[in-house]
């Protein structure tokens, strides 16, 4: 297993709880979650807001330390590893963020952003090298001198992808990277991601609320709700025979671009939110 | 363009003042300390060469204004910059590292700000003894909190954004993230605050010299001139009005510069 | 029978570029019409033009918006304001920012009723209560006392729907009302909108980028690109047999969970170039 999370639970300070001095009350964000990926595998993490999928993604990269449970990367126990111990591993596990607007430093040029990523990991940060990285994601070398706000949403997302793959990682966590993109831009970005994944043999954790996109990209899928895993399995199986009622509800809630009279009136669940 | 106009006007005036301060000996028609009791309280233009008139001791007003620029600008630049450095550093640390650092700095700011500023500055200078250094120290000691508060809030906000997280995911150390990633995004706010603080420093110095607590009384300061002019306002309005005008224009210039900077730096991100 | 909304040759632009190019479309009474397009297509702009709430940078440069026989574009602001809320209402996109965070739900819901329908406080609150019931909010008396941030996204959107229908408007414009919601909540909210529309026999103009939503709730659809109408007609017909290559491309680029073998095709560069030429960009 490349990445192996066993019985992970995560508590975070409850920011809604005011204190004058001392510790805040903790909120449990993840409860007893286990997930593992082999090299080259793609897993989709699906859930609605508050499901914990984003927190799980970040936990897998040890951006948060789990409150309970263990995390292994390529056989090494990194559950409580220090920043120094994690540093050499960082190059091997990368993240692509959802909002390219806030995940790219608005005060740095694209060239600067990519150079930082390369330099931090002891790689060639020359202009030639950066241009090559940009070329891989389909962006011209003139992008080097531009600022994030000068690019379109799709272009920014490509830069985010470029930053993650520039250091040649083995594991990539993509956190809702196509939400908020037009359907045509989304298709381009997904295409790009698929190509890079296949070329580089990446293990990919694809976080999304969009089941249709996950179906398209991931061979395995994990359905999350309220900080726990509700169902998981090979994608075709989960879609053909969903075992959990929540999964059935999720699938039934997706409107397809095809007239289906009566779809709107079907209720898999009677819980009105 | 109206946006850049404020920067040009404000900045231009400040530059003009800087030049005046530097070249004061060349520009001032008279020695600012030289008394000429025969030409005392002369209205502007009445006595030859005294274009802005003279004060009760016959000293040339224009020359005193020109030399007064030196004190005003020295205090403005030095005091504001030091207050900025102190406050910004503490604000950055509090906003970024949070936890006990933040708790400590925030409580310190709260307590500090509970003292009435003008009273505190007068007290400080009275204790330290009058003089330029005391004035600067007083301003720094009081006004650093202004920077700390704003910078802390801005740092907290910026540090939460994903680019800081991305840097962390790339393996950047916390200190490096604060310096390389967060600080450049906090800088615009700091710059604006700095230019406003300079205007405030000029006023505080004027207040202190008004009450006689600033530099020694023979060096001309705008505040001191205002104090003198206040007493003979009905006989010689010019002794009060001109230094007041100089003060007003200077503070206005700093504020316009600050305002213009704020507008200029902000849309740059959105354009 | 003349259409309730008849937009003819509407054009609008900002200082630097055109936003709407000669848009014509009509909506009949009781119909649900979709305005579909990607971001920048101009669908929101059309909606805002009808409501008279275009942002300051955008100016209408030509055309008419005929609403029940009156051209909205030549109406004076006071007369236009008279219509808003009472004859035309809006369900806005972002439930978080569309409700005033500093006021309780009850007060916000009763504003319109007291200002425009002349109700006193008690009548307005009673009506607000029944409205919340209509939108299936549980414990409506308690919700009236709450502040927006105390409600979930889905509940806030229901409140906004209640508000939109509160004065029994002839036309409701829904501007991407479910885009910010979880998909399970979206289905419930869509169902609610459809039910309210049927019950009040309102004409609905539905702005969205989601072809799936269009298929399930809209009788007719208008496809927009770069401010120009590319295709218009009955939803069922267009989806089964799209005339415009852009519509076909959009369908080909939309992932479908029921078609696992599909390969997502991004809209080809050649098509985009051709479209840009066609609309004169």
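Every chain is named by a letter (A, B and C) in the order it is written, and numbering of its residues begins at 1.
The working rule: contacts are C-beta pairs under 8 Å (C-beta built on N, C-alpha and C of every residue); 3 or more make two chains touch, one makes a residue touch a chain.
Note that the structure is predicted; figures quoted are calculated from it, not measured.
> Going only through chains that touch each other, what is the minimum step count from subunit B to subunit C?
Tracing touching chains, the least step count from subunit B to subunit C comes to 2.
> If you tally the C-beta contacts for A-C and for A-B, which one comes out higher?
A-C
> What whole-number Å value describes the gap between the mean CA coordinates of subunit B and subunit C?
Computed from C-alpha means, the inter-chain centre distance equals 52 Å.
> From the mean C-alpha coordinate of subunit A to that of subunit C, what's the distance rounded to whole Å?
32
> Distance between subunit A and subunit B based on Cα centroids, please, to the nearest Å.
It comes to 49 Å between the two C-alpha centres.
> With touch defined as at the start, can you tell me which subunit C residues reach subunit A in the complex?
Per the touch definition, subunit C meets subunit A at residues 38-39, 136, 138, 152-155, 182-188, 190-191, 194, 209-217, 235-236, 239-240, 249-251, 253-258, 260, 262, 264-267.
> Using the touch definition up top, name the residues of subunit B that touch subunit A in the complex.
Touching subunit A: residues 103, 161-163, 165-174, 180-181, 184-185, 269-271 of subunit B.
> Give the list of subunit A residues in touch with subunit B in this complex.
21, 61, 63, 83, 86-87, 90-91, 94-95, 97-99, 102-108, 116-117, 120-121, 149, 163, 167
> Could you pull out which subunit A residues touch subunit C in their complex?
These residues of subunit A touch subunit C: 48-49, 182-188, 190-191, 209-213, 215-216, 235-236, 239, 249-260, 263-265, 269, 272-273.
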